[in-house]
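Working notes, beginning with the structure itself.
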Amino acid sequence: GGSTGGNPLDTTSAAPSGSASGGGGKAVVGSFDFPESVLLASIYAQALEAKGVQVDEKPNIGTREVVIDQVKSGGLTIVPEYNGNLLAFLDLKNTAATTDEVDTALQQKLPAELEVLDSSPAEDKDSLSITKDTQTKQSLNTMEDLAKVSKDMTFGGPPEFKERWEARLKEVYGIEFKEWKSTGATTADALKDGSIQVGNVFTTDPKMAANNLVALQDTKNIFPAQNVTPLLNKAAATDTIRTTLNDISAKLSTQSLLDMMQKIAVNKDEPATVAKEWLTTNGLG
Amino acid sequence: MSWLIAFFDWLVEFFGDPARWSGPDGIPARLLEHLEFSALALALAVLIAVPLGLLIGHTGRGEVVVVVSANLARALPTLGLLVMFVLLLGAASVWPVIIPLVLLAVPPILVNTFEGIKGVDPELRDAAYGMGLRGGQVLGRVLVPVALPLILLGCRLSAIQVVATTTVAAYTGLGGLGRFIIDGFATKDYARVVGGSVLIVLFALVVQILFALAQRVTVSPGVSRRLKVR
Amino acid sequence: MGDGPPSIWEWIARNWDTGRVDSIRNLLTDHLTMSLVPILLSLVVALPLGLACVRWRWLYQPTSGLMNIVYAIPSLPIFMLLISVTGLSQTTVIIPLTFYGMAVLIPAVVDGLGSVPDHVRQSAVAMGFTPLRRLLAVELPIAVPVVLAGLRVVAVSSISLVSVGALIGQGGLGSLFTRAYQNPFMPPVIVGIVLIVALALVADGLLVLAQRLLTPWVRARKGRA
Amino acid sequence: MITFDAVTKRYPDGTVAVDGLSLEAPTGEITVFVGPSGCGKTTSLRMINRMIDATEGQILLDGVPVQGIDPPTLRRGIGYVIQQAGLFPHRRIVDNVATVPYLLGWDRRKARARAMELLERVGLDSALARRYPFQLSGGQQQRVGVARALAADPPVLLMDEPFSAVDPVVRTSLQDELLRLQAELNKTIVFVTHDIDEAIKLGDRVAVLRVGGRLAQLADPKTLLSDPADDFVREFLGRDRGIRRLQFVSTAGLRLRTDLTVEEGFGGGTAEPWALVVSADGAPVGWVADARPDVLEPFGTFVHGRDSMRSALDAALLSPSGCAVGVDENGKVVGVATREALDEALAEAADG
Amino acid sequence: MITFDAVTKRYPDGTVAVDGLSLEAPTGEITVFVGPSGCGKTTSLRMINRMIDATEGQILLDGVPVQGIDPPTLRRGIGYVIQQAGLFPHRRIVDNVATVPYLLGWDRRKARARAMELLERVGLDSALARRYPFQLSGGQQQRVGVARALAADPPVLLMDEPFSAVDPVVRTSLQDELLRLQAELNKTIVFVTHDIDEAIKLGDRVAVLRVGGRLAQLADPKTLLSDPADDFVREFLGRDRGIRRLQFVSTAGLRLRTDLTVEEGFGGGTAEPWALVVSADGAPVGWVADARPDVLEPFGTFVHGRDSMRSALDAALLSPSGCAVGVDENGKVVGVATREALDEALAEAADG
């Protein structure tokens, strides 16, 4: 919506919220509307609480577009981000791919109100996924393979994915779909029941394994690195927050993320419980 | 005032974009989908609620069922039902959306139909039987025409709620005007959110007008007392 | 933790009171706040507006027309648009619900005052009531049953509508639905639906009780009929 | 003929609405059921067309038990008129009247023609035919109700307090209308009312019921007034019973004197204390006392032969002369009934 | 005293409801406004307590123009009773009655005590005091309406068709009640009705209005019946005017014969054609004709001195003997009014 010449709604709420005082006292931890983000936010929140920070949680808010706005305005203090997606959000054209490239680019593009901390080795990449069936039938392995047949296929994913990637996919791989569907959280199911043939599923999503899905190889590195990276409202950030979150990022790995997500998705454990467990195991809780 | 200006900017942006007016993502397609969902849900609700209301109103048995079920159905959260049916039936079919909408639409129709029939002047019912009309004839030729304004009112209230609530269908990936709202929100494209909402409100207003017209056509002037006494 | 998903009872036990914002208990309190405030607020606003519509009849047409439109606006986009104004707070949910409540209550107040039989109003005038006193001592009390009937509708639908707020992260018990949707799991949905319906029925029951206490003359009438 | 044979109606809640009722409503006559509220009038009436079924006993229609007839069929052959007319608000007047003909499968054109004819018959302007019921006054609606009941020319007509919702003036005209119609049509009518005056005016026979649904008396109105069966009936008939009885006494036999009239401009000097001044065209002008021939005193008139003794008595009481002026249908004086003549006629009536 | 001084009411739509009305309603009397529907009765009444303001002319209350008085204050000093009673459905009967005392700031206890006293006065059981209006019958509600109007003991009472919604029997008892109350309380009452019988029964003075709100006649009931001002009034008074007039003629002066009574077991053989058989305790048993001493014929009675000539005439007409039986308040025979005696009394009445 940038073309409207400034969003008047934003100005109304531009003032940082009163809770964001200079000290290390308070923080509002938010998350996107998918379980992994909720989990990460819960890890942050509980770790901070353990450090005596007064935490207010706002889980499940919505998409990046909405959440980042809130961090900027001070409605949120901390959000668990993914460096690649954040960069793509700030600069759609940016083609940085590796973790370092992305982090460097990110520092340049970040608006003044925001601050990112260290990237964690834990990564959860975007992917274009298909079912094993489709894979064997059409012998698709890479996204280049997909470009040949994509015109007959229906794509499903979160609504914002189309905005962000439709042009890039066509430009880099020449991938064009017959139809774009908004499938949100049901993408994996939609793939399975055949209402879509290609879906955008995160690589750490336990549904990948559960539903026999495979990710097509991103041979041209279009999907950037997606390391878990805390995003902060600069004005509300304190050193306690910074060190606590950096400690977490250092300990977090892709495998531990996968393990935790497995517990949440299969055992239906609560994100908060899983987070607490991890914090305790890693001596951060 | 900046509010209003932004609002109109968004409307211009949304409706002024020619790309919006074609394709599977375009306004006409979404409008049609919205119409399909709403009409299907409403039709089903009418098919369930009107006969039931007629039966209960006519026989006078099962009044409690109406009151309790209507209250209960009003209390049911549509979003919860939606999720429940998605989990039960999968997201591919339209039923997870249609069933909650039908549940939402049934109570007003049921209650109004029932009240309409029950509220018909007992003298009138008496006169009808007294002239030798059979049970079904009394219902069809006297009670329904007289209760029609209330029955239509129930349908209208339901229709408006259904039109507004079909929006939520988009949450599970189905189409309809709700797509503009959910997708617009996801991408922070307020023009789309506003445009979609305006479309839904217009849709609801058109439904109101259609019902008003239907009322004019179907309800006898003797019941609506539209005619001036000459 | 055991392997495999917990039963619904286990799940409830685990999540009832975790001390975190999304414990069932906290959601329940949030839900209550977000539904009760609009109920009360809409009543407080609808009363004077309804009175004004009765006093100046010409006001009623446009007001009820406007309220008809308000009623046709889906809650979701309003929530979303309001986020930019009121932020991620409960206010965002409370404001639209208040308007929906008004859409029901203003006509209820007008109808309620309209249900005062003309001969009763006339005899009040004839006995020397001043207009204000007549309103307070005669007309409003007689309007109570109709207004309360409207309030019951508002209460039940507010409680059930709050859950839509979950789509912007402010839905009280509704967040159980979004959570269960993102991470497919039935117990939270069941718990959410049951609690919301229960809340609605309790609220409804309380209002019925209030009606009995406030309007003994209506109850007595039913008792005899 | 409608025959009640030991009919009892007990409602499920135990109320005995009608208790062992036996009576006959003869063909071509108006039988009126009258009695206090709750005495079972409506119940009795509705058992005839099986809107209510009798608990015990049976009702015969020309000797055929109604229990054996399918209710809708039975009802189509019996006209039914109720208090608020019960017109169908969604149908035009003409279609309301044609309801039963339509039901009987008459040709639409024929049914409507019949309806128009009936509207005229009950005294309604044919312009009203295309209106809806709400566009009619209460009295007009009642007339339509009667027309509707007559539409299929049923031999039997049941009327349940048909005129009790309209104001007294309209009510009187509806009653007169009914009597006129009945003189033409000769239906078997059962008429329910709680108004004893109406019962006496309309009924060929009046059945007085007491609460609990027992018959207190069945008699023609005159007998009822002169010979109430018991205190209940006497009480129910109310005051003025003696005066009202005179309604059934004709003035045809009333002896009139023609020697008491004088022309206008009369100067006094007859042998009688009073003389009636009559105008040139025969209309009464006033009484003059012999003592004061220039003062015109009030007078009262009755139509000789048509009006009842009640009118004659009233006319006599209006004048200081104590005499009633008998006139013809055109208002011309035909003679004077003196107090002696009245006394004579009244004594005769009391004896008869 | 209430004075209408050339009062005109023109509604905004141009309807002239009352046109130059001038009359007085004297203190302590019942003045009845009567007339056909729409003749401006209600409008006239409501101008007194300023529920409607006159367009021209003025209304004085004991010489003070009502225009000068603040309406609520004015109204608290004037009782007002209307057709549907207008009771507050949400208040108990006792609180309904105490409404004006509460408004006047009386102590709650005192107001309720006053209400209870009034309920008793209008003939209501004190057990009803704690009920709600809908739990009362129409007649009882009307009584409460009257009690409520009387609560603050206002000198003036306005009553707008107060009894027209209840059935005739209850209506009669309410009318009697009102007359009894008025005999005790001596209020200045303005009473509106469209029922001429009610007007005649209740009114000390009756004002007949014609449509357009013009006064047709203002007179006491007897004068009204004997001397209607014009055809409109005559028409409005309706039939039986002569008979009804007898209502105002007392039987006190009626000559009774005491020589016509015989004891039970009488065997025949008086000089008279008829004899009245009286039981041992003085109650009438029946007439016997000299010719057939074993057959008891019906009789009619009137309370001598209390009942009117109308009752006496009715009693005479009930019997073949033509004589009315005069009894005392306890039903004991005090004498017999022969036809000659009645004629005599009637002639006297007609002259007066």
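Per-chain residue numbering starts at 1, and chain names A, B, C, D and E are given in the order in which the chains are listed.
FYI, a contact is a pair of C-beta atoms (placed from the backbone, for glycine too) under 8 Å apart; a residue touches a chain by one contact, two chains touch by 3 or more.
Going by UniProt, the chains are B, C = Osmoprotectant transport system permease protein; D, E = ABC-type quaternary amine transporter.
Remember, it's a predicted structure, so these values are computed and weren't measured experimentally.
S.K.: Work out which chains are contact partners of both chain D and chain E.
M.R.: none
S.K.: Where the centre means the average of the CA atoms, what chain is farthest from chain C?
M.R.: Centroid comparison gives D as the farthest chain from chain C.
S.K.: Taking mean CA positions as centres, which chain lies farthest from chain E?
M.R.: A
S.K.: Just give me the whole-number Å value for how far the CA centre of chain C lies from that of chain D.
M.R.: The answer is 60 Å.
S.K.: Based only on mean CA positions, could you tell me how far chain A sits from chain E in angstrom?
M.R.: 92
S.K.: Taking each chain's centre as its mean C-alpha position, how far apart are chain C and chain E in Å?
M.R.: Chain C and chain E have C-alpha centres separated by 56 Å.
S.K.: For chain C, give me the residues that contact two or more of the other chains.
M.R.: Expected reply: 81, 84, 166-168, 178, 181, 184-185.
S.K.: Which chain D residues sit where two or more other chains touch them?
M.R.: none
S.K.: Would you pick out the residues of chain A that each touch at least 2 other chains?
M.R.: 7, 9, 62, 66, 69, 186, 189
S.K.: Okay, what are all the chain pairs that touch?
M.R.: Touch list across chains, by label: A-B, A-C, B-C, B-D, C-E, D-E.
S.K.: Would you mind writing out the residues of chain C in touch with chain A in their complex?
M.R.: Result: residues 1-6, 11, 14-15, 18, 20-22, 81, 83-88, 166-169, 175, 178-179, 181-185, 187 of chain C touch chain A.
S.K.: Along chain B, where are the residues that touch chain A in the complex?
M.R.: It is residues 2-3, 5-6, 9-10, 13, 24-25, 86, 90-92, 170-173, 179, 182-183, 185-191 of chain B that touch chain A.
S.K.: Would you pull the chain B residues touching chain D in the complex into a rising list?
M.R.: 121, 123-124, 126-134, 137, 141-142, 145-146, 219-223, 225, 227, 229-230
S.K.: Which chain B residues qualify as touching chain C in the complex?
M.R.: Counting only chain B, the residues touching chain C are 71-72, 74-84, 86-88, 160, 163-165, 167-168, 171-172, 178, 181-182, 184-185, 190, 193-194, 196-197, 200-201, 204-205, 208.
S.K.: Okay, in this complex, where on chain D does chain E touch?
M.R.: Against chain E, the touching part of chain D is residues 37, 167, 226-227, 239-243, 245-246, 298, 300, 310-311, 313-322, 339, 343, 346-347, 350-351.
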